[in-house]
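All chains are identified by letter, namely A, B, C, D and E, in their written order; residue positions are counted from 1 within each chain.
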Amino acid sequence: MELLGLYYYWVFAILLMIGLYAVIVKLNLIKKLIGLSLFQAAVFLLYITMGKLEGGTAPIVTDANANGLFSNPLPQVLILTAIVVGISTMALGLGIVIRIKEEYGTIEEDEIQEIDK
Amino acid sequence: MTVIFGFFLLTLLLITAVAIVQSQNLFVSVMLSGMFSLLLAVNFFLLDAADVALTEAAVGAGISTVLLLSALAITAKHEKAPSSSRVGALIIVIIATLVLIYATLGNPQFADPNAPVHQHVAPWYLDKTAEAIDIPNVVTAVLGSFRGYDTLGEVFVVFTAGIGVLFLLGTQPGPFAQSNPFKLTDPKGLRHYLIPRVVGRMLIPFILLFGLYVQFHGEYGPGGGFQAGALIAAAIILFALLEGENSALKVIPRSVLIGLIAGGALLYGVVGLFGIFLGSNFLDYSVLSSNPVKGQQMGLLIIEAGVGITVTGVLLSIFHAFAARGKF
Amino acid sequence: MTAFHSHLPVLQVIVPMLTAPLVILLNQKRLPWIVATAASLCAFAIAVTLAMSVMAGQTIQYSLGAWPAPWGIELAVDAFSALMLLVVTGASSVALLAGAQSLDKDIEHHRQPLFYAAWLLALSGLAGILVTADAFNIFVFMEISSLASYVLISGGPDKRALPAVFKYLVMGTIGATFYLIGVGLIYMMTGTLNLADMAFRIEDVADQTPILLAAGFITIGLALKAAIFPLHIWLPNAYTYAPNMVTVFLAACATKVAIYVLLRFDFFVFQPNLVGHDFQFTFFLLPLSLLAILVGSSVAIFEPKLKRLMAWSSVAQIGYITLGASLLSVSGTTASVLHIFNHSLAKGALFLVMACLGMRIAQLRIDNIAGIAQKMPWTMAAFVLAGLSLIGVPGTAGFISKWYLITASFESGAMGIALVVIILISSLMAVVYIWRIVESAYFRQPEEDLVITEAPIPLLLMTWVVVLMNVYFGFAPGVPIELATGAAELLHGQTP
Amino acid sequence: MYYVVTFALIITMALALTRAILGPSVYDRVLAVNMLGTKTVLLLSVIAFLMGRPDFLDLALAYALINFIGVFAVLEFFRNRAAKQPEEKP
Amino acid sequence: MELFLDIASWILMSLGGVFVFIGGLGALRMPDLYTRMHAAGITDSIAPILIIPGLMLQAGLTLASVKLLAILVFLLLTGPTASNALASAALLAGNRSEQVKSTAVPESEE
């Protein structure tokens, strides 16, 4: 049991770094945006793992499980907001990438710098 | 026993993530990222986060895949061969991962009841919801009422993204549009699209109905404004895919979309202002009606409707902006 | 009236925020600009009343939805946030009042409602960060202001604005997500999101690894947003290719708000509880600030493009602000907060002059503003005065904060002398790069066929208003100093 | 009670994932995505019962809709791309 | 009665699991796209037909059963449609299977 708990945090760390790696190393702008969404997905996993309670169910109190144990609702609320922030940033980023493709004809970062020099 | 499934699904998650970053073909990494957010949604469901799983599925797997694909249709489909300097960055990333993993050893036990996170604020929400707002779904209660100001900010983040994309791409077709001979509704496409169009036309009403169900079911089960907005937008995007983007525009023209975007955000703000006019603080719904609990429930319903309207309007106008730009 | 008075903190945020949806619905000729300016001036009026009540000694608390503090979200306005609110709403109002024609040049008519709505959202996002006392709420409003600034910057006429704003988007999102991880780790250990409650509950878990990790993540994330030295790469391009009026608004306050959050987190939450944190804070921030000052000023000297030169000088000035904060003394923090106020005055005036020049000249470069002083005398006179304030010549606002910085450095012990020497060297560097422009404008002969008239009246008028404010606050700096010392004492835990 | 089915579903999802990664042509990947989608719907339904919360089936139904729309977005994108310049190689 | 229901649903679901596994294995090992689609078809049709009634037996006559029925109907409707659209798209793009290679249609290298 204890090992799986740590495994959740390790997956968070690995996903975080995969996302950061993709954002930094990849030159294609759309690949950077996908890397960014991976990076944010890792943070969602961290928050939701925090909220889990041993033997608790989802925090929806029906009369059947009125006095049962419930997992923590707060991280879930925060992550609901963070997911929509992530999709908004990606939508804006994609809008910018489309405009860059129309102005520069390419979406590879090194080619853009070439044209700008 | 669900622990073992969590273990498996997390490993699948990691494999998908590595495949997304490694694949040269952008189209493949977009589809894999759709699968990634799908696996993530199942993981959230295992961690008792039903609302978040629904949002991640509706927004992550549904809308972001469609947006990425419509952006890909205009830009490049293949990624250029990678430049040389990758080994150095790889080493740095691996070292950083090991440091982070070592640092996570200090975290509190996974899901143990006496971790600080379960002590301070969470119990208050659980019993205060039953007493003050009296709705089953505590997550919607915290999202709408206890931390309603966060969600107001959230609606305005979506609002900004919507007007940002409209500002960037406008509504008229871009330079690439003329060069693409195939409009979405060309007859040639009909031959092998007959079955999907018939099935689609039969299912779209039910998807819309399900979207409305998720919207107004937010207090009793997983659901709410964001998820419903994403589902309804996905239904109309399906209609646009099958029947052609111009007929989808005839269904909901652009002026209505702008009205939806502004209307939903204003609806949320006005409900908050009512809190002030009726003598209490901003976003306090208990003053909305004589009985405070009824007031809270009424307030929650209205702001969830406002959130749903804005999210639908924004996602649809973003899709139309992308589609008009390059004839996806 | 008093009932209305108690709602001011939340009205500060929702007045511009709720006007934004209204603005996108109007598309008559001048209406979006009028409504946006009215909302911005109303926000400025609220900020002034809040500052006055803070100076009168009131502590302003406001709980949203009438839920008590650690459970609901609470707004709190103190000396530090009152001063920052004045800077943010002031910069936005000045830029909007001055910028009607300049924005007409950059943004086509049918896109203007969307642009002004994004402007109001940037303003309400920044005001939201300054007013709230909830850690996650800061993240939400940081996202609103960042997304709105990306939209504003992408409105720039030059096509190079797009890659610049894409780099800013990627780095800004990474910064915000680092901040989110930090807040998550603190929440994991303390169970609360309210800043005051968090500072109180962090004591008994202070030595555990997640808290140290959280401190690192939050500092790096906010350093990225505040363009502190090694992470400032996005700033020069973003400010250069943005529309002129957007640069006036963002240069005056966008990065400063991130520094405000960094100082508030460090001095309230981390410093009193984490042992040795203050030493680490100085150990990292002091050398970075000095590097920022030296590198920023030296790159500015050799930069031909005027707006890039000013952007690099902003990087240097941010170095001054973090230098003051890293001295860890009350006078050091006062100097730092004071410099936030004075720098936004000086840099706002300089970028307003750039906007005036931008109205008449396409490519703002040193060699193609040769001899411009004969054609645009008022603009260049404003430039000279604003340049003096940036350098810190006595009698201008810049001098006051440089003076406080030098006295704070002296007090900070042995290495204080070295700091003072570096501050003086960098002031000389500032003289060099201001002088390059003045020399090109006044002492070179303009090409004959150049027919240039003076900048449009409202833009010139507002430039001179800001320049005169620079001079006024040089001679009578009572209000900013009082608010800055109040903020410094608050940050160092000595309640006034 | 549900372990056999859950295990089988997860293993099939792993197989679909390998097909998605290995898949030579793009249509194999579309097939894999469609497979993974439907398997997730079944997995979500079984887990809803496994965790004793049968009222969470909305999630599975919502996902079935999203998967249907996702597959069509992919095919629509690909039809458009193939129709435009099948030989287009950037 | 309760025991009988449990056993019946266990059998149904395990059978469903076996079919799903067979389908998944087929999708991996089949040489060509169209044969893989046959294998994937199994997991789309027979598996839900077995697993979801198994769950329905567990849920009894409640709202959950109605939802399960809706899921089953939806899966059975959309699965074949998606495969049809996929197959015709592949065919349209000239993705001839190996066996039909003898006809001189250029294999698009995608």
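Everything below uses one rule, namely that a contact is a pair of C-beta atoms (placed from the backbone, for glycine too) under 8 Å apart; a residue touches a chain by one contact, two chains touch by 3 or more.
Small disclaimer: the values here were computed from a predicted structure and weren't measured.
S.K.: Need the graph distance between subunit B and subunit C over the touch network, please.
M.R.: Graph distance in the chain contact network comes out at 1.
S.K.: Looking at CA centres, what chain is most distant from subunit B?
M.R.: C
S.K.: For this structure, I'd like the pair of chains sharing the most C-beta contacts.
M.R.: Most contacting pair of chains: A-B.
S.K.: If you average the Cα atoms per chain, which one ends up farthest from subunit D?
M.R.: So the farthest one, by centre of C-alpha atoms, is C.
S.K.: Compute the distance, rounded to whole Å, between the mean C-alpha positions of subunit C and subunit D.
M.R.: 47
S.K.: Mind checking the centre-to-centre distance between subunit D and subunit E? Centres are C-alpha means, answer in whole Å.
M.R.: It comes to 11 Å between the two C-alpha centres.
S.K.: Roughly how many whole angstrom separate the Cα centroids of subunit C and subunit E?
M.R.: The separation of the two C-alpha centroids amounts to 58 Å.
S.K.: Taking each chain's centre as its mean C-alpha position, how far apart are subunit B and subunit E in Å?
M.R.: About 28 Å separates the centre of subunit B from that of subunit E.
S.K.: Can you list the residues of subunit B that touch 2 or more other chains?
M.R.: Expected reply: 48, 50, 72, 76, 100, 105, 107, 115, 117-118, 121-122, 125, 147, 150, 153-154, 157, 160-161, 164, 168, 196, 203, 221-222.
S.K.: Give me the residues of subunit A that touch two or more other chains.
M.R.: Touching at least two other chains: 16, 20, 50, 57-58, 60, 62, 74-75, 78, 81, 85, 88-89, 92, 96-97, 99.
S.K.: Two or more other chains in contact with one residue: find those residues in subunit E.
M.R.: 74, 78, 81, 85, 89, 92
S.K.: Chain pairs that touch, all of them, please.
M.R.: Listed by label, chains in contact pair as A-B, A-C, A-D, B-C, B-D, B-E, D-E.
S.K.: For subunit E, which residues are in contact with subunit B within the complex?
M.R.: Of all residues in subunit E, those touching subunit B are 74, 77-78, 81, 84-85, 88-89, 91-92.
S.K.: Touching residues of subunit D toward subunit E in the complex: what are they?
M.R.: 1-2, 4-5, 7-9, 11-13, 15-16, 18-19, 25-28, 30-32, 34-35, 38-39, 41-42, 45-46, 49, 54-55, 57-58, 60-61, 64-65, 67-68, 71-72, 75, 78-79, 82, 86
S.K.: Spell out the part of subunit C that touches subunit B in their complex, as residue ranges.
M.R.: 3, 7, 10, 14, 17-18, 20-22, 24-25, 62-67, 70-73, 110-111, 114-115, 117-118, 121, 124, 128, 132, 136-137, 140-141, 143-144, 147-148, 150-151, 154-155, 187-193, 201, 205, 208-210, 212-213
S.K.: Within their complex, state which residues of subunit A touch subunit C.
M.R.: 16, 20, 23, 29, 32, 36, 39-40, 43, 46-47, 50, 74-75, 78, 81-82, 85, 88-89, 92-93, 96-97, 99-100, 103-104, 109, 112-113, 116
S.K.: Looking at the complex, which residues from subunit B come into contact with subunit A?
M.R.: Where subunit B meets subunit A, its residues are 3, 6-7, 10, 13-14, 17-18, 20-21, 26, 29-30, 33, 36-37, 40, 43-44, 47-52, 55-56, 59-60, 63-64, 67-68, 71-72, 74-76, 79-80, 82-83, 85-86, 89-90, 93-94, 96-97, 100-101, 104-105, 107, 109-113, 115, 117-118, 121-122, 125-126, 129-130, 136-139, 142-143, 147, 150-151, 153-154, 157-158, 160-161, 164-165, 168-169, 174-176, 220-222, 224, 226, 311, 318, 321-322, 325-326.
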